[in-house]
């Protein structure tokens, strides 16, 4: 990456809103810099970076993909800039009265949708059930967390596990918080791949301004 | 089973208006200039084209009746049809093409093939049974198409120029072939041709279609005796002169012809003269012929034992001579010549 | 009498043709060169991809069969009758090709899902739920892939010569027989091409399938889904899976070709 | 002389045809019924989807044009010459249809990415990087969509009657002229169908595009990618975007049709 | 420009082996039974089919030479070709079809259309200029195909049954038309036909192709005087009897025929008898004819002023009578009959 007047930020698609808010802020601070945000699934971004894409910043929703990139490029460890929590996604108003993970694991009348264990949301969901000492038989394993929300929103599934940020501000689904004892924290790592400007963008994420934007979009802060 | 056809329809800018009957077992030949509507007429009879106002019936079966709305499906009409182009089914071999009809009409596989083989033998194409249509010569394809039409034991035969690609050796056999094929069912046949010999030999009667209308229907002899249009005359190799008759003189305006004895009234009339009845001379001939006129040779077509000389002024006349006869008078194209014909050789009919 | 001496193709077309070949070949070579072939053994013995593979092959073939059963009549009606809504129907067919697959899945859910326009009725009255079943996989593939057959065939039918059909009718063939023995054989090239396109699109289909049919191992998890998920954790494995899919596809194609080649190809003797 | 009185299609085909139509129509109706039409105004005034739309339309048309430029020669070579590797080439074409799109994107990266087999050379010697440019969008679409043209056209060319070409040659037409004035017009139905299939596949393409070309607003963010992002947060918006895409696709299709209809359709007078 | 053709090639299971020359401006007619290889020969000349071992040259241009490997592309040969099926370009209207040649050979758009319009007028199809090929009648399509071939001002004309779909009125004009079309360039013409009249009138010479080989080449009169095969005899309406000659008697084994005076050697010989020279009788005739034999009527073809009677035993013979003549003897198909012919009417040639 050359920096110069263009800064390529590779960010997980779930960070679309955050990046949309950060871009003008960074550009205001660096009038000669054009921030270009490339949004896709973390694994796609990782593949692109490993194939030689000139990313200055890689903000991942998945630590596994971040590790793949770090190892592939021989870079130091990444910093966590945001966190997220799981939430039970239900139909608006929670008509089926779903109150906790136990319902998802035990109620036969529920169609449950989880993300596949290969993707982070699925991994975290499994961890959550593990912590709760439950096993679950989902009807379907979605390719990504968005699939979970879509399926509940369309009424095809009665419940699913997604992130708090997925439910925020949506009228077609509601979120039921997990009990406090289930303590699965989702961490979003970011890495300045090879430029000074990239490091500045990472700094912005950790700044007060960055943290308030993250918070406004529903993310937790490390 | 008599075929009754009454059709009134438009074809492109033209109009087809035909009324005819073909008797049980009768073979009706349809002749006519290109674009007269022959193919269109056949297609209407078969049901491939609309028949418009009118009625088509074979025996007691009414195939089309604009009055009642009756309209029998093509596949139920049992017509042995040979289209103007052979139109073999490209993905089937020759035998399968011929077997297609019997098979479609319910015969078993082996039976269909036997019927087909039989029809192919009749047309002398049994050695081509395994061939793909695109490897057949023009004449071979046409024979296979005829075999295919005959293999369904048709109630009506409809042949559109079925001999156009056949060599001369094959043509004389066609009449017998058609007779045999339809003998059992006494099916009538409607046959289009451009070949004068075919017209005279294939059919019991000839219908002349010109510009969508039948201008004359009759036996070959009737047509030859009194052709009603120049086309018929040309077809039969007869000179036809239209004019106004007054006693024994027919006048075209530019030309007067003394005709033979007759008993028709004065007025519009048609005179016919056989090409071989006319003599040509280098100079004005003396003697008995009552009709003598001067003309110019337009063209000469040389045949093996016949030379056809064409004169255009003052009337269109063709003259047949022997090659020796032509040498004797020694004229060529463009030369002046005198023609003569005896009045007794000129027959006249009311026009 | 149709074989000509010289190839009638202008020599220069070889240049763009070679470019076209390169466009297809290079990525495949790239893929093959990146594949961790040493992992192949473990992949083949792993039952998960095998069941996904079987599901993919079976559903894609079922899809192709149903696409033929529905698509051939549809193409016929579009090409051969003066149906009033002809243009609209053809447009709707094209439309399902244009939709991004995931949206196609959403569309299917909104029609046939538990809360869908029709799905609701099925669910309420028959207790029938389509999503999460292999049938849903087939429906998703059909929706996305069948238009390829319909469009290909419709155009071929429209320009096919009608004279052979006419002759067949005079020979006594009823409409069904004409269809089976003349019309379809005369467009067998397009029929074969359309079927291959449909099948290829179906076996590669991922977005609509996972959205509409979900992803349950052994029930609705097809090879593309397996591959997509592998891509999240082990790209090398994903590449191997894809090559497996490609290999099996070629095998299926060749097997069908050898069986159907006399019926499906337009080759002259 | 070719218009027949009765439709020669068996009546009963209307049943499967209607089923086929229902299969396509119901999901679309479902989609339309779910769309939050009240948001349409805001969507139309938003510049982001508009630039994605423009990019989608432009790249898909460019793709179709290039697919024609390369695919027509390729189909010709495959159908008309006795190229030794004919079968292999056709197999490779089919293969890129079978690959899940995301894997197709990976394949393209491994060939044309900066570290790819060819991409490395381009980068080192010409300073040319393909991914993350609109050219990459076109290449991704080409790789996925062009086979539809090649397969359709190849089969049509193989079964086309050669006699008209022969006559054209006797009339003095050189190979290029024969190609342009006889061969291609005689397969114009298949050419049109293949082009439509290619274009539809291209404009709906998502997986290969986002993987190979990335998702840079205004540069490589196509409408399907925009729709993907909308699905993350606002499914209603995604549905609207899809319907926008469908509407624009229909408009493009109709516009092209009206311009090219005399040349592309096999309709008889 | 002389056309020199030497071709040796296989067609399917058959073999084509032809060696012929056509002089500047000469019209050579090729006749022969179906499947003889006529179309294949034409296609080889044009370059559409391989020419195998041999040489094809027009004037100084060598189009094909298996010795040197020379092989001119079809499009460079400038041949006006009318295929056996019209093969119009389906997506172009009739005028564009005819203009296609001039346009392909470099003429401008307007010029090409003018040339085409001119050719169409010659063939009387100018009124069809805007028509799509699939709306043309068979004869109309064939005329357009001829116009198209003539419009390129060919160096060689190659016509494969160009008159098969034309009505009789159009045929006599063909000779003049071909002459005019090739007059300026003095292009030779090769014309295939099945029509005897066309064969005798369209061409300067006739070449007979049978089973891939030329069996006789000559003028119509030469062929009529001494037909070498039954096909030629049939074509020209002549009876041909092969046998072994001993003095004035030709013996076929089953039959002996006394022939007219001649000066050929004993041995294999061919006798010819004109159909009209033979008389038929109900009972054994008395009188001068030296040849009298009993036979049976196989078929009767009735024409307007000619009836052709076919006898098959002990030799194949056709007899031409007038209708009146036939009525006089009153025989029908299958009846026994006596035939007689004077020895002086039987000419003989060495076989």
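As written, the chains take the letters A, B, C, D and E, and residue 1 is the first residue of each chain.
Rule of thumb we're sticking to: contacts are C-beta pairs under 8 Å (C-beta built on N, C-alpha and C of every residue); 3 or more make two chains touch, one makes a residue touch a chain.
The model shown is predicted, which means the values in this text are computed figures rather than measured ones.
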Ask   = Which chains, if any, touch chain A and chain C both?
value = D
Query = Of every pair of chains, which is linked by the largest number of C-beta contacts?
reply = C-D
Ask   = Relative to chain E, which chain has the most distant C-alpha mean position?
value = A
Inquiry  = Report the inter-centroid distance (CA atoms only) between chain B and chain E in whole Å.
reply    = 21
Remark   = Per the C-alpha centroid definition, the whole-Å distance linking chain A and chain E comes out as 87
Ask   = Any idea how many Å lie between the Cα centroids of chain C and chain E?
value = 55
Remark   = Among chain A residues, those touching two or more other chains are 47, 150, 154
Query = What positions in chain E touch 2 or more of the other chains?
reply = 39, 48, 73, 85, 135
Inquiry  = I need the residues of chain D touching at least two other chains; which ones are they?
reply    = 1-2, 4, 102, 106, 109-110, 116, 163, 166, 169, 174, 188, 228, 231, 235
Ask   = Can you name the residues of chain D that touch chain C in the complex?
value = 2, 4, 7-17, 19-21, 23-31, 33-34, 69-74, 76-77, 80-82, 89, 91-104, 106-112, 116-118, 139, 142-143, 146-148, 150-152, 154-156, 158-159, 162-163, 165-166, 169, 174-176, 178-179, 188-190, 192-194, 196-197, 200-201, 203-204, 206-207, 223-224, 227-228, 231, 235, 238-239, 242, 245-246, 249-250, 253, 265-267
Inquiry  = Could you list, by residue number, the parts of chain B that touch chain C in their complex?
reply    = 46, 48, 73-81, 83, 85, 87, 89-91, 100-101, 104-105, 132, 134-135, 148, 152
Query = Once bound in the complex, which stretches of chain C touch chain B?
reply = 1-2, 163-164, 166-174, 177, 181-182, 185-186, 188, 268-269
Key: Touching residues (chain side chain A, partner chain D) in the complex   = 13-14, 16-17, 36-40, 44, 47-48, 50-54, 146, 150, 153-154, 166, 169-170, 172
Footprint of chain B on chain E - complex, ascending = 12, 32-35, 38-39, 84-85, 135, 137-140, 143, 160-161, 164-170, 172, 175-176, 194-197, 200-201, 220-221, 223-224, 231, 234-238, 274, 299, 301-305, 308, 310, 323
